[in-house]
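Pasting the structures in now, so scroll down.
Okay, so chain A shows up in both of these, paired with chain B first and chain C after.
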Partner chain A sequence: MKFFQALKAGRFPSWRLFFHFDDRLLLISIGALVGSCSGLAALALNRGLITLFELLSHYRHLWWAFVLPGIGAALSSLFLEKIMKEGAGHGVPEVLYSVSRYGGLMRFRSSFSRLISSCLTIGSGGSAGPEAPVVMSGAAIGSNIAQFFSLNDRQRVALVGCGTAGAVAAIFNAPIAGLVFTIEVIIGEWTALNIVPIAVASVFGAQVCRLLQGNQIAFTHLKFNIDPVDTLACIGLAVATAVVSILLTRALRLSHQRAHHIKLPIWVKAAMGGCVVGGIGFFFPDVLGEGYHTIGSMVEGTFSNGLLFVAVLVFAKIIATAFTLGWGGSGGIFAPCLVIGSFTGLMYHRFIDILWPGVTWVNEGCFALLGMAGLISGILQAPLTGMFLIVEITGGYEVILPLILVSAISTTLCHSFEPASFYMKELVEKGHFLRPRTDARVLADLSVEELVEKDCIVVPKDMKLGDFVKIMQKSHRNFFPVEDEHTGEFLGLIHLDDIREYLFDPFLYETVFLEQIMDTQVETVGLDDDLSVVLDRMDAANLFSMPVVASNRFVGMISKATLLDKYRNELIVQTHH
Partner chain B sequence: METRLLHIFRNTPLGREVLLQSTYFCKTIGVQPMIYIPEFIKFLMYFENDVAQIDLDSSYLTAPETARAHAIDIVRSQGLPEPEFMEPKNFTASTLPDIPVNFDFMCCPRSISDLSSKIGLGYLGPRVRRIVQSARFPVLIAGSVFKPWTSVAVMFGGSANAVKALKLGLRISRKSGLPLDIFTQLGKHTHDDYQKIIQQKHLAKDIDQQVRKWTVFDSGEFAENLYDVPHDALVILGAYGHGIIKEMLFGSVMEKVQSTLPNNLLIVGPKYQAAM
Partner chain C sequence: MKLTLKELAAALSIPPGTVERWIRQGNIPVRIKEGACVFSFQSLQKWARENNLTYQPAGAKNSAMPADGPDTLAAAMERGGVYYKITGESVPEILRAGVDRIPLLETQGQRETLYESLLAREELMSTGIGKGVAIPHPRTPLDYGEIPAFITTCFLKNPADYKAVDRQPVFVLFFLVCPSSKRHLQLLARLSFCLRDEAFIEFLHHTPDQADFLAKIAELDQRFDTP
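Up next is the complex of A and B:
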């Protein structure tokens, strides 16, 4: 550890040029390491899922097999709650929260906890995906490696991004999607400082995956001949995927809220949710697990069920996903989105085929692909991620034009009904979603304590006005806090504008005490208050400064002028590269 | 700026004793207690370059309906005004609050993750160690029974952390008006070496003025020599000042002290920024 710190500090001259001259080289080097580790984590989960799925496949046909997802979800929940002592869920909001608020600081245990829990949930048949757990794991690996090297907040965030990119690149064998997802969803800032190490990490993540399990794309590459009429029809598909995205988002939230109100241990709720999924899966096996096999058959055009059945599958998968994730199972929504999106694309293709039987439409597999992009773009409100992911996992650019159209329209429509994406909704509602270079982010990095002006003269309540006038002449301030001489308690404030009429009447100098003329209805600020809240209160009351009070004692004043000064300094720090 | 001590309150007899120690500490050196009554069994502390998850034992959630009143009673019984209570504003997950770390002191029992029945002298919980290692504030490790302290004792071994501990000891002695003693176990350094360190750190004048006695043990086992530390002293010492490998090989002075002395300990970690 000390060696690395010395290395960083440039104490070894031969390394100085490499590490100290430009910290981008340092980030790229460590980013490659983080990307490789994240790739290994993704691969471990992938192998774990295959093993568990194969292990349980012998029991799937038995009548009691519907309890398997319940058992898996309960074990997953118990593991997270009792052993790891972490909350349920997919973890991406936790990554976003840590990047927004704490410069990407994450716990070490998060680098493996979600891998195990999601393996139990998904491997047993729960309707969830391995991508979000892998994202959390990769991000935590990046964060902990950054902590090991004692890197600063900005560098740590970049390494969290490296972990995320490496993981996504490895799990989908899609390095560009890894890079784009990280920048678009996790980091939210397109700068060279971030993009270069994240791109390198993405390459290393994908390369580790290719080395250990071969360079395979997730779905068969097919050539599609897309006519203008198909592109036109995509507008309708975009609307359909937007509607389904909104349905899925709301179903997940509703399910989570319902489960939250049931007073049962979390593992019991997870087991109940899992059994419901198992029950649905008994009649519609395509909704179980991550569902890549089903997507494959849809893309290849071998999924033979009719329109009505596919429509039912869309809703069955939405319900299964809501019960898996909302009731305490562990996993992500990426894979369910892909499955639901491809069902939606297929459903839409069959619908327009019935509506306009004379038109020769492109193969239904193409619509399944476009549906996946539409749903990913709609749910995550990340159109670039949707486009590049589909291009990479299908290995072709033929569908790029309708892909852009569907992703763009779906994102826009979803944004109208759900202003924040599924990952960000809760954080936005709590005011915790702070993107770089925004007002909220700059204010969040400042505290009331840093802005307190302490050059105020505190006066006792029983001081005569005449004595106060003498003190006032020595001060350049308009505000004078009043406190109890014996207890030190803050009592109120004297503002010169409020007492101007008394100041010019010397007769009152010996007869009026400050206690009689001070303002006792003063709005105060606490040391732990958020600056954005303080600023809102100042604006609402049309104030330029407010007293800061802690434990009923006056601490100092906070003013908009000082806030602006510090705000500017903080903005320079945050945007300086 | 008013200095504040964070106290995680547990509404049990052991918790009462620990809060009494905290309150006595606050009263003696003029610190404002800030009490957190946990609603969840875990919370996070985001330090500068580390995040520690503190998993509390279930006794911290005992009788939440009376916890606040009990805490107020205990603080008032020591002649302090009603304490401030800390309500977490930020949550990493719905049941995982983040506790701010901008305090000047924090009080912990020897362990906050294990049931009180399992805690004995000589056992310092992993969470408490983590807090000491990462925090910018010193950690007050309170004894299991309330006992007012009437002097301040600093363990001074010459390391950077020991210097920080000495500075803190001088400050506390000055603020409390209580006498300060220094204890040093001679090892590879001589007494003159320690005097040189004091000179280099410009502490000689303060030590001449404030220190009642500097006891130097030049023979005997350190653990045996600790018998000379007053039973009613607040013991201040630095921790983790020698690097992980060295402490793994030769053991930590802090571990020896905490496993031998039943006194209240104020531990200064490597991240603490000393102020005179």
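Up next is the complex of A and C:
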């Protein structure tokens, strides 16, 4: 730590020179550090999960074992709620929210809170994955390191990406998937400025994992001989995975809403959800935990159950996942997606085998792989992540053709039913999903305060029209706000267009007071209003400018003309790299 | 370079709030160090150029300011001079005599163009605006380069028929020559403000000497500026 503090304070002149030389070098160096740290975090969670799962496996066969996931989920939600004071949720939307709204600012405690809570949930048998918690802690590590070096928002977001990439790369031992997932899902901006440090972090994350755990791929690499007919059959599989993806998304949301309406302490709900999962797991042990072991046996083709059983498993896993995550357990959607995907692939394989018994299909393991890709692409609506992840975790490149096909079709189909992906849905609904270089981003960054024009002449309500005409000659604006000269309160607005006909009648000069001719029914804007809302109101009322009023006092005018000017400035500045 | 946030915002002609946010977001090559904005002049200027903005430090801005602020009648009249006992029976004769007096015009060519354009304007419609006053001026601004706007005041020896709108003989002429229409309107507005004042017309009838006349104009200028 001392070393870093000295580094920050610039006590090493050559280092400072190096960093000032180019901030890209700085980002790459810190990115490597972040990648390594988040790789370590990923490994820690992985080890913790394995230990806890093994510890509890002795009790699995006992009749009361179904309460284990309940206890785990309750503990995990108590830990998050009472000790860490963080809401439940699986992590990725939280990271997206922070990147969208706060330039990647995250709390230090987020870098380990989800690791512990998800370890409790999943280790005890809850149906969830370790990836989203690892993503969140990696992101928090990146954000806190960026804060330590007092970097700006753009650099901090890049480092949050580095943390994410390092974590995903380490937990799957899949550097490209880490990079692609980060860019496609977390950052949403493909520029060299982001990609380079994130790629480096990915490398470091994966390298840390290989150093400590050996270079092993998650699932055994098998050789598949894929015929054109298999590729053709994949179109059907893509439809199946899309349907299952939509089912899973809806089930998750439904169970979340149901749980939300039950008035019980959050840990009691988590315990109830966990017990349901435990109950399902009692009959179908394959749905418990992250489920990588099950996937392994399916890919290898040693999963021997029939079509009906597999179909039931798909639904059992969906329900178990919905009860785990929707009712307050902590964990990610990634691993359950992989499990459900491989179940779906297997089910589809069994199904077409019965339908066309004469055709020799490729090994069922291949369909399990493709099913995983289909589900990941469908749920995350991130086709590239689906493709690269599956290629990397299975070490097989020969499935790439059907893989691309399944990913693409599944994403497209899901998108037409669920326009926003599972991660982004809630953020989009609340207007918190702001991708770089979009209209929403620019409007969210500009504030009313930055746009307000203060060159209006404020006139008192008791002024006579004759005096007003003189004032008018000095102003180059068409709007004159009227205020109470004693209280300073904003009363209304005079628009030249409205009073033009009276202006040339000297008879009225001495008889009309401004109070009588001002428009009191004006729509006003507050300083804290969102610009998108302001614009909507302008469009609705067909206005080109509106007065800005704060605590009953006139501040200035906001107009579309200035907005265009500033909007353009902002867009150019934001997209210029 | 080191500037405060406000100075930097003024140099870029952007609200300080925006500049602050850009620094925070990393959109501008400026760092905050001990409350001051630290940046390299070259990189900021390059950045401004690339982003369709201009970086103009406060000093440079003032010197580059065009002399387009409001002019006063008194200053313009002092430049143009006040002349008495001008003789002439007809419009061309009076104009010729007036143009010959203008001190700022250096060459005969300049006098000739001015005379012709004044005459053309009179043929269109007399500039005798009534009450014995005429304001001869060219129809379009005449830009003599270095010469600023001026008003040359000429009191006639004998009031002459100038085809004024109210048919009254003219006794005083204000030659109004400006390099731009904006300046022309500014000065014309001030002049017309003075001529609306009956007391001022009465004052003119007494043919005041140059010092008295300019003092009176300066006084009216001030009244014009304070509504």
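The rule we apply is simple: the second predicted complex is superposed on the first by the 561 of 577 C-alpha atoms of A that agree within 3 Å, B and C clash if a C-alpha of one lies under 4 Å from a C-alpha of the other, contacts with A are read in each partner's own complex, and residues count from 1 in each chain.
Heads up, the rule we're going with is that a residue touches a chain if its C-beta (ideal position, glycine included) is under 8 Å from a C-beta of that chain, and two chains touch if they have at least 3 such contacts.
It should be emphasised that the depicted structure is a prediction, and the values quoted were computed from it without experimental measurement.
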Based on the superposed arrangement, let me know which partner A:541 touches: chain B (first), chain C (second), both, or neither? neither
Field: Contacts of A:561 with chain B and chain C, given as first, second, both or neither
entry: neither
Quick one: is A:355 in contact with chain B, with chain C, with both, or with neither? Answer first, second, both or neither.
neither
Chosen between chain B and chain C, the partner touching more chain A residues is B
- Is A:192 touching the first partner chain B, the second partner chain C, both, or neither of them? neither
Message: With both complexes overlaid on chain A, does A:449 touch chain B (first), chain C (second), both or neither?
response: both
Chain A positions within both the chain B interface and the chain C interface are 447, 449
The answer for chain B against chain A in the complex is residues 1-2, 4, 32, 41-42, 44, 46, 49-51, 53, 55, 81, 84, 86, 89-96, 98, 100, 102, 243-244
Touching chain C in the complex, chain A uses residues 103, 151-155, 445-447, 449-451, 470-471, 474, 566, 568-570, 572-574, 576
Chain C residues touching chain A in their complex are 14-15, 17-18, 21-28, 50-53, 227
Listed in rising order, chain A residues that touch chain B in their complex are 1-2, 85-87, 89, 94, 97-98, 101-102, 105-107, 109, 147, 150, 430, 432, 447, 449, 452, 528, 530, 550-553, 555
